[in-house]
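First up is the structure itself, then whatever we jot down about it.
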């Protein structure tokens, strides 16, 4: 699944399912000179909801970029009471990383960034420790150390928000950031904070999933990336993966094995977010691939 | 992915990719009163080919069943030089099983058949041994034992074909049938003979894949279901799956572990075929899910 | 991992880890003329426990079968305060199946039984419905229909126990048996009742795991086989496996996809139990492979 | 599986299987005051070979480190004609990385190195391009750019060997190094050069496995880490893993998806090598876990 065109529009839609939606949307694009590069649609029969991702080349499209959203809403969206998002493939999202001391997800994201695999700008890294300053700054990224305690949390979160605004941040990746964000903070970034949890959710939420997995004697461990919501470890799941373990694996082994899962599962979620591949509906994600 | 409607049309299309295909096809269905139940399309950028599976409810469709193919070809297909197949969800395909002595895939298919999981009729089982006669006949299925030797192969294959025609067979499943079909036989059933091969093709084609896997020291073994073509074990792959092994597994262990893979991978392929979920193009399959 | 010898002893041991255990056990076998066929040991560092499975050929073993347990306990076991079990490879366990209406695990077990893959005797099937009588009886297995209601449960469980004793049953397999066994019943068969649960435990215990998985929007579903204990779906896990799903999969799709997982995961657990491959310790299993 | 003790001996053994080996080896350790930390043994029934990995604490061991190999060979090894290797857990192997331009495996290894996950010293990186100099040198590792052409290959390989000797290199990791090493070079480092091949070997050896996978229409792609031998992509396999793909994945998608596989599979192999977890026998590996 690739839409590598420099200049493409990406539209994500959902609405009550009704006859004629695909036809109407494709007519809108085709009749205005757009060449469809990608189309995927899904009807959730249980929920009765229509979902669609459609991308088209803007080279010969009759409607100006800044007018597309308005025209689409007027001519198509309002007819079906659609909820829609419009993105452009040539706009690079600006991503912030929040990290504590554990570096595996962090290093993995930076390596993808440095090698050009991740189509984002990363202007800033925020941490509650100073440990990863050097690894951040050597790539020319600003590093801010904001140690958080129970007492200073509201104050520090305000400082974080100021930094995020100053750097024009579109979304935040919690790369094993060992702090719980306040509801207030989370509500400012709906579906724009991605977390990696080190278990196969909903099994083992909370702070010690590998210990819990060991005690429960599971034969498989997992990792889950999800959007952060007010309820801890309960937001919409973007990606999950698992790996077999056995009685031979100690908690330390599980932590080690889990690291590789976590970094892959987080990176996949970031990729989906950056490519506008996913929609959230009723705390579930629709991931177009 | 479910189209459980009693009375639906399923259309599989491929052609050179051009602008407007999705719009044109959905207009054809929508303007004639068809309610689209499923739509998936894929453009193979490398090959420049457009693929589509679309299903719609026939309840209020203006065109009679027996005329749909003609109308579609005239009004849409010819315009894009499409290759298309039309199926109806209320038509149960008639399936023959070819089997030798190894019963695991055979038992698994029959259990799915008996429990109603497999939406087919199985009028006949053909084998080169008599071993599985009882297990066949207790489900009311006709069993034919046709022992094949080098000498009598052309004669026996003629008898097989006569039986297949007599029972109105649509497609054949080789459930670990230990005979190689002649090119002549294969060419009579293009994309209508499904085989299960006990390796992760193209690794280890031929008759002793588990022995070869053991000797090569692989850490993963697999199974592959594919359409049979003239070239042995080289037809279009429908499904593959794998399982981890280790140095602890002897050849016998691999054979045992592999049995479970084989039956699952074969059953998935049969399901895709029966549900008209797949297209073949240039010896590859497009499997809509 | 195979010990196919007709006449082998299999010893399962656990105790506090101390120096010299492996040496002492192997000396006991070797000095008495036993040829070791299999040896695997594991030290759980966190719990400080030593686990071992050792199998040896009895052909030239100096100690008579019925005396081995006593000699071992006196000469070795008591020294290390070992908990041990002794089994003989030529003893076929007697297994009962409990089933309701859903036949997939049931058919799968019977197919393995019929093809000789499962090294057990199955004298009896007990069900709360009559649906699978024919499929049972055609293999020469006794079928008992004992419909259970809230009111008659204690009475029916007494009847079940009488039947199990009469048929000399060693262990019970719940092949999607939709009844909760009473604590009383369970306590009569410690580590001798194997259940298949249709989720990746501890996620989604209870009666509607696929519905719960769909609502939570997980990207992977699983199945778990475990020994039954007093607490529902909380017994020691024997085997787990998972499969990827997506937003495209309805609850019905998950149920269908899950069936194949369930039967494989249950069959693997039965195999481990029958081959005396596993030990239970603190609600966890040690599975030697 | 962890032997984190500072001061442990690790012994890897293989020989013809005979009665009494485990007893004899454990007696040697136990009677000389060694506390066994890890023991795993495997008998390959098909090949008739006994394999063992055993580790013990040296704190109270009666035999001096530099004498252990000699004593073991005299007292035990020679009796069974064993092939054995002795390692010490407190010796850090010295590893060289060979890399070309593709950085994903390289970055992943360096991140593990930097975070202390990889118990090695990396004094030197050798490349045929200058691209990754900066990323190497910022970790204080020496970078050597040796561009190789058909003509200068013997000369450049001599220079490589000189560098490897100068830096006391124990083993080499080819992190997507796009050059074929000469037989001469390979024979100098038997079982000491680890390569990552970007396919599920033996499927798709050679230089374009993702292209070949796409053309063959496989539904699963893989990666294989192996020791380098004279025959290209045919050395003993250490680790393999796979991931599902579909018709939706272009060659570029496969390359991208494969990168994450490659780095994980290579890192696992390096870990096994560094921890002395594996033995090679008849072009197969025995990997103790």
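Labels for the chains are A, B, C and D, by order of writing; each one numbers its residues from 1.
Throughout what follows, contacts are C-beta pairs under 8 Å (C-beta built on N, C-alpha and C of every residue); 3 or more make two chains touch, one makes a residue touch a chain.
All values reported here derive from a predicted model rather than from experimental measurement.
Asker: Copies subunit A and subunit B touch; is their interface built from the same residue numbers (over half shared) or different ones?
Answerer: Over half shared, hence same.
Asker: Out of A-D and B-D, which chain pair has the most contact pairs?
Answerer: B-D
Asker: Give, as an integer number of Å, the spacing between the C-alpha centres of subunit D and subunit A.
Answerer: 36
Asker: What whole-Å value do you get for the distance between subunit B and subunit D if each is reduced to the mean of its CA atoms?
Answerer: 42
Asker: For subunit D, give me the residues that contact two or more of the other chains.
Answerer: 2, 45, 248, 250, 289, in rising order.
Asker: Please give the residue numbers of subunit A that touch subunit D in the complex, ascending.
Answerer: On the subunit A side, the touching residues are 1-2, 4, 103-104, 107-108, 111, 114-115, 117, 135, 138, 248-250, 252-253, 256, 259-260, 264, 267, 289.
Asker: Quick check on the complex: what are the subunit D residues that touch subunit B?
Answerer: Its residues touching subunit B are 42, 44-46, 51, 200-204, 214-220, 222, 236-237, 239-242, 246-248, 250-251, 283-287, 289.
Asker: Sort out for me which residues of subunit C touch subunit D in the complex.
Answerer: Checking each residue of subunit C against subunit D gives 2, 19-20, 22-23, 26-27, 30, 35-41, 43, 45, 244.
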